[in-house]
Each structure stands twice: as C-alpha cells, then as structure tokens.
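Right, I'll just put the structure down here and ask away after.
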Amino acid sequence: MSAEFTSADLAKAAMAIAAGVKGATDELNRQDGLLGDGDLGITVSAGWQAVADVAPQFPADIGKAFLAAAKAFQQVSSSSFGTMVASALMAAARHTNGRTAVPWPEVPELVAAARDAMMSRGKGALGDKTVMDSLEAVRVALVGKDHAYMRLAAADAAEAALAEFRSRPNKLGRARMFADRSIGIDDPGMLAFARIVASMPDE
Amino acid sequence: MKKILNRPVDYVDETLDGLIAVHPDIYALPERRLITRAAGMRKGKVGIVTGGGSGHLPVFAGYVGSGLLDACAVGEVFASPPADKMASAMRHANGGAGVLRLYGNYGGDGMNFDMAGEMVEMEDDIVSSTVRVSDDVASAPPGESEKRRGVAGMVYAFKAAGARAEEMADLDEVTRVARKAADSCRSLGVALTPCVVPQAGKPTFTLADNEIEMGMGIHGEPGIWRAELRPADALVDEMIDRLITDMPLSRRDRVSVLVNSLGATPLEELYIMFRRVRTRLGDIGVDIVMPLVGRYATSMEMTGATITLSRLDGELERLLKAPCHCAFWTVAA
Amino acid sequence: MKKILNRPVDYVDETLDGLIAVHPDIYALPERRLITRAAGMRKGKVGIVTGGGSGHLPVFAGYVGSGLLDACAVGEVFASPPADKMASAMRHANGGAGVLRLYGNYGGDGMNFDMAGEMVEMEDDIVSSTVRVSDDVASAPPGESEKRRGVAGMVYAFKAAGARAEEMADLDEVTRVARKAADSCRSLGVALTPCVVPQAGKPTFTLADNEIEMGMGIHGEPGIWRAELRPADALVDEMIDRLITDMPLSRRDRVSVLVNSLGATPLEELYIMFRRVRTRLGDIGVDIVMPLVGRYATSMEMTGATITLSRLDGELERLLKAPCHCAFWTVAA
Amino acid sequence: MSAEFTSADLAKAAMAIAAGVKGATDELNRQDGLLGDGDLGITVSAGWQAVADVAPQFPADIGKAFLAAAKAFQQVSSSSFGTMVASALMAAARHTNGRTAVPWPEVPELVAAARDAMMSRGKGALGDKTVMDSLEAVRVALVGKDHAYMRLAAADAAEAALAEFRSRPNKLGRARMFADRSIGIDDPGMLAFARIVASMPDE
C-alpha cells in the first residue's frame, strides 16, 4: 500500500464502480421514479460503464485521467446526476492537473473541490438533501483518516447521511416540486452515491 | 402510444435525418445530434448556439438559419443534450468573435451549457456568454425570474440576437440584445391533453375528460390551476390579464404577439384566440406589430396553446423585422 | 369536446376574423365567409376560386394569395359552402378573363359549384370552367377516379394553376394546367385518432387504443383496413407501394413529395416518414424535387398523416417553383 | 279554384310547407342519422323557413319567384338535399320564366324538369333510392289528374314510393357506403319529400 494514488488506481476504481453499480440499476431507477423521472439507475450505470470503457487508456497525468472520466460520463448521461458527477470529476481534474501521483491525505480536499463544483453548477446548498450532502459527510469522515480505513469510513458516512436526511424534505432537483412527499424518502442521488462508494475497491 | 415512429431510441436521430433531407439548403448535420447552418459559419460573426431536449420542433434545431442561430445541440426527447455536444456546437459556431449560448432556463440545460462553456474555454480558447430565456410567468413569481422556465418567448430572443449578430455586432452587443429581447417577453400556456415521450411510452400527465391546466409547462410541469374547460375568450382573458399584470403595458406600447400551438391545437383555434388577444390589447391602446400565429414551440402532439407578448422598443422592432430564413420562419428582406 | 373555442356556431366566423386580423396584407373578407386576396383582382387575369368545408386549414382559404388562388367560399366545418357563396367568390375573382373553379371532389361541393356556375352565367355572364381534384387512391379503384375524394394533392393543383394564371394565360390554358397537375398526383392517408366537429361535439369516428385506419378520408370516411399500429417505415412502405401501383414511377422520374400532418401528428414524425419515402423513391431511381413536409391540409386536431406524390414534367416543375405567397406557403422569386 | 296557379299560390304553399316540416325536424334528423350525418331535419326545416321568409316578397313573375325560393333555400342549407331542392326550384324557375300564371295541368312537367335537374346535378339515376324516385312517383300520379285531387294523389304517391323502395339498397348519397344496411330503412330524402308534400295546402 503506497501513500499515494496514481492514474492506474483511478482506472481500477472506475472499473470496480462500474461493476458494482450495474447491480443497483433497478433499485436506483425505482427510487428516482418515486418523485422523479426514474432514470437515475440508467444514468449511474451507463455513466460509470462509459468511464470504465475509457479507463484502460487513462493517461498517467491524473488530471487528464479525471478529465477523460468526466467527458466519458457526461457523454452518455446528461441528466442532473450525470452533470453533477461530471462536474465533480472536472473539479478533481483541475485540482490534480499535471501530477502523476496524489497523496491519499489529499482526498478530502478533492472531495471538497467536487462538492464546491457541484454547488456552483447546480446552484444548490448543503442541507438541500442532495448528493452534495453525501459528499460533505464523506469528506468530514475522511479528514485525518489513514487511507487503509478510508473506504470503510466513506461507505459508513454515505449510509449515515442517507439516514440523517431521510426525514427531511428535498429542496432541489425534481423532487423539490413534491417537497412534502419527499419526507421519509431517500434522495435518489444520495442513495446512488452510497452505492458508488460501496463499490469502490479496498485499495 | 399512438405515434408514427420506428424504435423509440431512434426517434430523435430519424427526425434529424428527415429534417436535413428535406432542407439541405438550410441545415447540416456535421455530427450526430448537432445541427448547423448548411452555409457554414461566417468568419468574424458572433456565433449563437442553442440546445435542449427534442420534441419541440421548430424549437430548437429548426431556428438554425440565416438571421437566426448558428448551431444547435440536440438532446433526447425532453432531455438536455450532453455538455460535450454543446461544446461541439460552440466550436462549430466559432467564427472568431465569440459565441453566445442562448437557451431556455431549465436546470439540466443550464448546468450542461455551463460545463460546455468551461470545456471550450479550457480546450479551445473560445470566449462565450450566456443568456437564459425565462418567459413563462406561471413557473415562478415576478421577482424570481431566474426560476422561470423558458418557453415560446425564446423565439423572440433568437430573432433579435440572430439579426444583431448578422449585422456583425460584437459578442457583448449581441448578448445585450438577446437579454433585452428575453427580458421583454412574457408567456403563459394552457394545456388540454398530454403528449407521449417515445421512450417512456406513456402520457406526460393526465387530465380528466373536460379538464385543462392553466400554466402547465411544456414538459407537463405543474401549473396554476386545473379546472373545467372554459370558452376561448375567457381563457385568453385570463392569460392576457396574467401577462399584463407581470409586464404592464400602456397606451401606444408596441408589442408582437405569438399565439402558439403546443402541437395538436389547430390553426383554427389559434385564430379564434388571436381575435380576442387583439380586442384586449386594442382596449388598452397597445399596437400589435408583426403577430405570429402558428406552431413555433411545441410539445409533439400535446393539445394546448401559449400566448407570448413581446414588448418592442425601436431597436427590438427593427431586429424583429430584419430578414431571416429557416424552414419555419422567413422574414423577407 | 376538448377544443379552444367559444360558441360552436361561431367557430368558422371567428377563425376567419382571426385569419384576416393576423394577415391583413394577404387576405380580405369582403363579405361573410368569403376570402379574397387583400390586393384585389388583377384585371385580365384568369380568376381561380376554390371552396369547401372549414376545419382543414391551410386548405382552403389559406391558399388565397399571389401565385395561388383568388377567392375562396368558406363552408361550415366539413360542409359545403352554399352555392351563392361560391357564386360570390366567382364574381370577386372575375377579372374579365374567366374563372376556374378548382376544388376537391366531394358530392356537395361539386353540386353547389355547378349551381354557382349556372348562377353567374345566368346573372353575370361570367365564363367559367371546373377542375375537381381527386387524388385519394383509397377512395375508389383506379378506373373510377371521378369517384375519388380530393385531399392534400389539391395543393399542387392550386400551385400550378395559380402560377399559370399569374403568367396571364387564358382560361383554357389555366384549366388545362390545373387538370394536368390534379391528374399527376396521388395521395393516401393513415388516421390514428379522430377530430371533433364543433357543432357535433363528438369524434368523427372511433378507433381502438392501438388501432389505426389506412386510407381513411379527412372527414372520417371509411378506408382500406383497420388494424394495429405498425412501425413508421412499414406504414410508409405500404403507402408508397399503393401510390406507385396506382401511378407507376420509373427511373429518372421527377416527383415532388408532400408528407402532410392531418393536424396533431408532429413535425418530428413527418420527418421520420419523409426519411423512408426518400429511401423508397431513391431505390427506384426517382428524383425528389422540392419536398413539402408540414401541415398543408388538415382535419383540425386529427392524428395521422398523408403522403402525396406529384409527378412533374418540365412544365409542372417550372410552375411548382414559380414564386407564390400566402400565409402558409411562400416560394421566393 | 282557378285553373292556374300564381306567384301568390306559391307563397302560400311555401309558408304551409315551412310550418308543416318544422314538426318533422327531429324525425328527419333521426332518419338521416341512421346511416348519414343526421342533418336532414335541420336542412329541410331551415331551408323552407328561409323560403317562407322571402315568400311575402315573391314577384308576380313565377319564374322569378321560383328563383328567389331557390336562392333562399340553398343559402341556409348546402347539404345534398338542400342542393337538390334548390336545383329543382331553379329548374322550375327556368320552366316558368316570364309568366304570371301557370295552368295546373303543367305541374307534372314542372316535376319532370325538377327531376331532370336533380339527376344532372347529382349524377344519379332513377332507382337509386333517392328523393328523385319520389318525384317520379308523384309525377306519374299527377299526370291527367284534376287539380282538386292533386295534393292527395301526390301525398299517396310519395308514401307509396317510400314503401316500394324500403326493401331496396341505397345507391347514392352517404348511405351508399352502407348499401347493405340501408335495406329495410327509408331513404331520409324520400321521407323528407313525403313530409313536404303532406304539408302542402289543399289549394
């Protein structure tokens, strides 16, 4: 276990996520269909599959690798969540541009950059009950964590965020039109994020 | 789903194939889901790109043409095109003088167009600007126009910006004019029956047999009220009342009026509506300039209509009357 | 009945009021239910009049305009205008060089136009001629074209006759060209959902949820078969097969194609159909000239489409491309 | 009782018919609705009312009076039956043009002229089961009849024609599309004609 991650680690992660979220397609479609248009499962699985498809060709420059991932994702999926993921990946690309290795302790910073990119892209705020709240929970959990425990901490934090926000109303996205009915229902984007994190490889 | 189509996944691409086959003199399809002018981009002219979901013809792709737009990124039915398609549209519309992104105010489109802007800035060094049209008064209160959806009023912004760009104005100027045209119009729609998104295969909403919805969005977004169908004049009266409450008009004001079918509502009924619009605007002493009646922004086979009022000053009136040519709107020189 | 209207009895008159209010530069309404050119009749030109039931816009009144028709007698929705209205149209279209009555082959219209011809002959000494368009191949076998209904193909006859009259040809010549254009086109329609005649208040026919009718007439007249909806390409294939069986085409033939919506069917689907028409005609080596895709002859909010093939010789192609201008069809000079 | 009829007699007849057929509106609409578009009752009542409205202004010239009647009728009713009646009245106008009195024995000739005008207007033939067959039956019944018995003979003949054609198929008009189903059903135009004849004044 090295103290840094590389473009190859990214590629491995992308392929693991693609494989993992495939099984969550129906669950996520169903969840999005409760108050939204029911396309989230397709968005997530098709998006990550597209990233996995280009992952073997990731350049060594981690910034460029993130950019390639961003482009691949948004090409197949232009719905809100797809744009959020692509924006996050682009922010990570800017943050890591020109480097071939990134120290694990920098991960919370990357998550923060991704969170901010989503916030400015989607004109939302923390507390709106979106995928951004999941990112923030994960970021907090990762600060100062040894990278051996990062995956587990992230997965736990994503689940905890779901539980925390379940009883609150949606303030963004399609579900906002039915804010009252959204109480008690998991935000589909947050659920998707939890499934993504759970699919990450241990390394 | 009673629609004339082949596989639902091919609906959009087959539509575009047909469009360019019928009008090769106007449109080109340099890559999948990207419509540009057949004549190509004029060097030194500000480019104007738009984009959005399919199913609204002539919006969006149909308004590519001389005196109008330069390129359009085409999405699935009622879904935003991906950002890289928009980036591609911007590259095609780049004549070296910058590119205006001019489109309807929808979350997905906005996020993707923003991302596309960042992409072409990073990779191609293209200067660009954004104007979002948000003319639908039913979608948010007057103060919150940034939350309002863009509907048929878009056409006036396309026309003004397109005409100004054709005059070789610079990006700031084209952007200013587009924003002015967008800010000067207000729209309101009424829906009678839904349409079916091919890949969904079921109606976008349901209304009872004699029920209509005032203010419903072009994708079936919730409106102001649902109630029994009323006489045409009563509907027009309410629509005009709401529009002029939002944008007060006074004696001697000059406005263009667009009475637009959402698809199935026939011309006959649009003319019946226009009659009443004319009476109502006449009553307050407003002059109607270059009225437009027809199908300018639709939702496939949805039944219903929108009314748009576009208040004109000398500049906007001049640009509205400037020549333009696409398959769906020609103003002769 | 989900329609935007006031009193059903006022549907037609309010439609015409709106039409002339929007286009005062093109149309005039010199008396109730009579549409003429705003510019008036040109002395010495052969007049061309048409007429028929309302509810088919742009047919019939919409095609009054330069290079097209001179006057139109307007009936109730789907009902013939009375003979004296037709006589009135003929008087307005009388420039001293005679008048052609050019209309769709429907019993009532024919009888009334004949009667109108007798009236103006008796009372006004106007020389006149008749051409009935009977392009609908579904309505009678090939030998019995005098029993066939007139549908969208009418538009080609209006265009050819209108262009020839504008060239100041005499009545015989204009009549010859009108007949040639009418005889050179064939149409076939497919219906998906009905429309509602305002004064009847109920649908013109019923079809099951996934059922369509091939060959149904524009007023709901019985067609060739009823069955499940099929893919667009299969529908187009059958329509083209039937059309070219009726009017065989060969390599190097030049035809114009009109893919026409009956009302609710959106442009998107017409383009999907056109794609296939082009492939099919391309396969037999036929050249498509000036294709028309849109709403040229409708039945209010009916869902469905018609395909018309108009075989052109040099003369008809020249006349098709000649300049014309009305609210719904402009060919630039 | 004079041996001739005048424009005033025509006016009186028009008003009597208008009053008589008004009561048959629903019956005729219903009959036409069986296989057609159900407008015949309106056509007949509105058409004759329009003639009755102009009847007080009939000129003495019987031809001109018939012409005025023809115009009045077709202005309010342009459906098939309206056009048939108007064509018949125009034929009568041509036949009597310039005369102020017409001998009663000429009536069968007028009916024949009307029948022929309908035939050429509607491109139909006798035997097609239309109003023309009623006219023909009436014409035959009137030949050589003293004018005192004309009304009764005409009414009987119109009823007899209905009975005779009932079991035959329609070969013209809208009902022809449903020729088989038209067997056993009175042709609405023939029924209308019977009601018109029955409404004529005794004189």
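Going in written order, the chains are labelled A, B, C and D, and every chain counts its residues from 1.
We take it that a residue touches a chain if its C-beta (ideal position, glycine included) is under 8 Å from a C-beta of that chain, and two chains touch if they have at least 3 such contacts.
Only a predicted model underlies this, so the values are computations on that prediction, with no experimental measurement involved.
As a whole-number value, the distance joining the C-alpha centres of chain A and chain D reads 84 Å.
Taking each chain's centre as the average of its CA atoms, chain A and chain B sit 34 Å apart. The mean-CA centres of chain B and chain D are about 58 angstrom from one another, to the nearest whole unit.
Residue positions of chain C with contacts to 2 or more other chains are absent.
Taken as a graph of touching chains, this assembly is arranged as a line, each chain contacting the next along an open chain of partners.
By the document's touch criterion, interfaces exist between A-B, B-C, C-D. The touching residues of chain D, when paired with chain C in their complex, are 71, 74-80, 82-84, 86-87, 90, 121-122, 173, 177.
Partner chain C is touched in their complex by these residues of chain B: 2-7, 11, 14-19, 21-22, 54-55, 57-58, 62, 190, 192-193, 209-210, 212, 229, 231-233, 235, 263-275, 278, 291, 293, 295, 298, 300-301, 303, 305, 330, 332.
Partner chain D is touched in their complex by these residues of chain C: 75, 79-84, 107-108, 111-112, 114-115, 118, 221-222.
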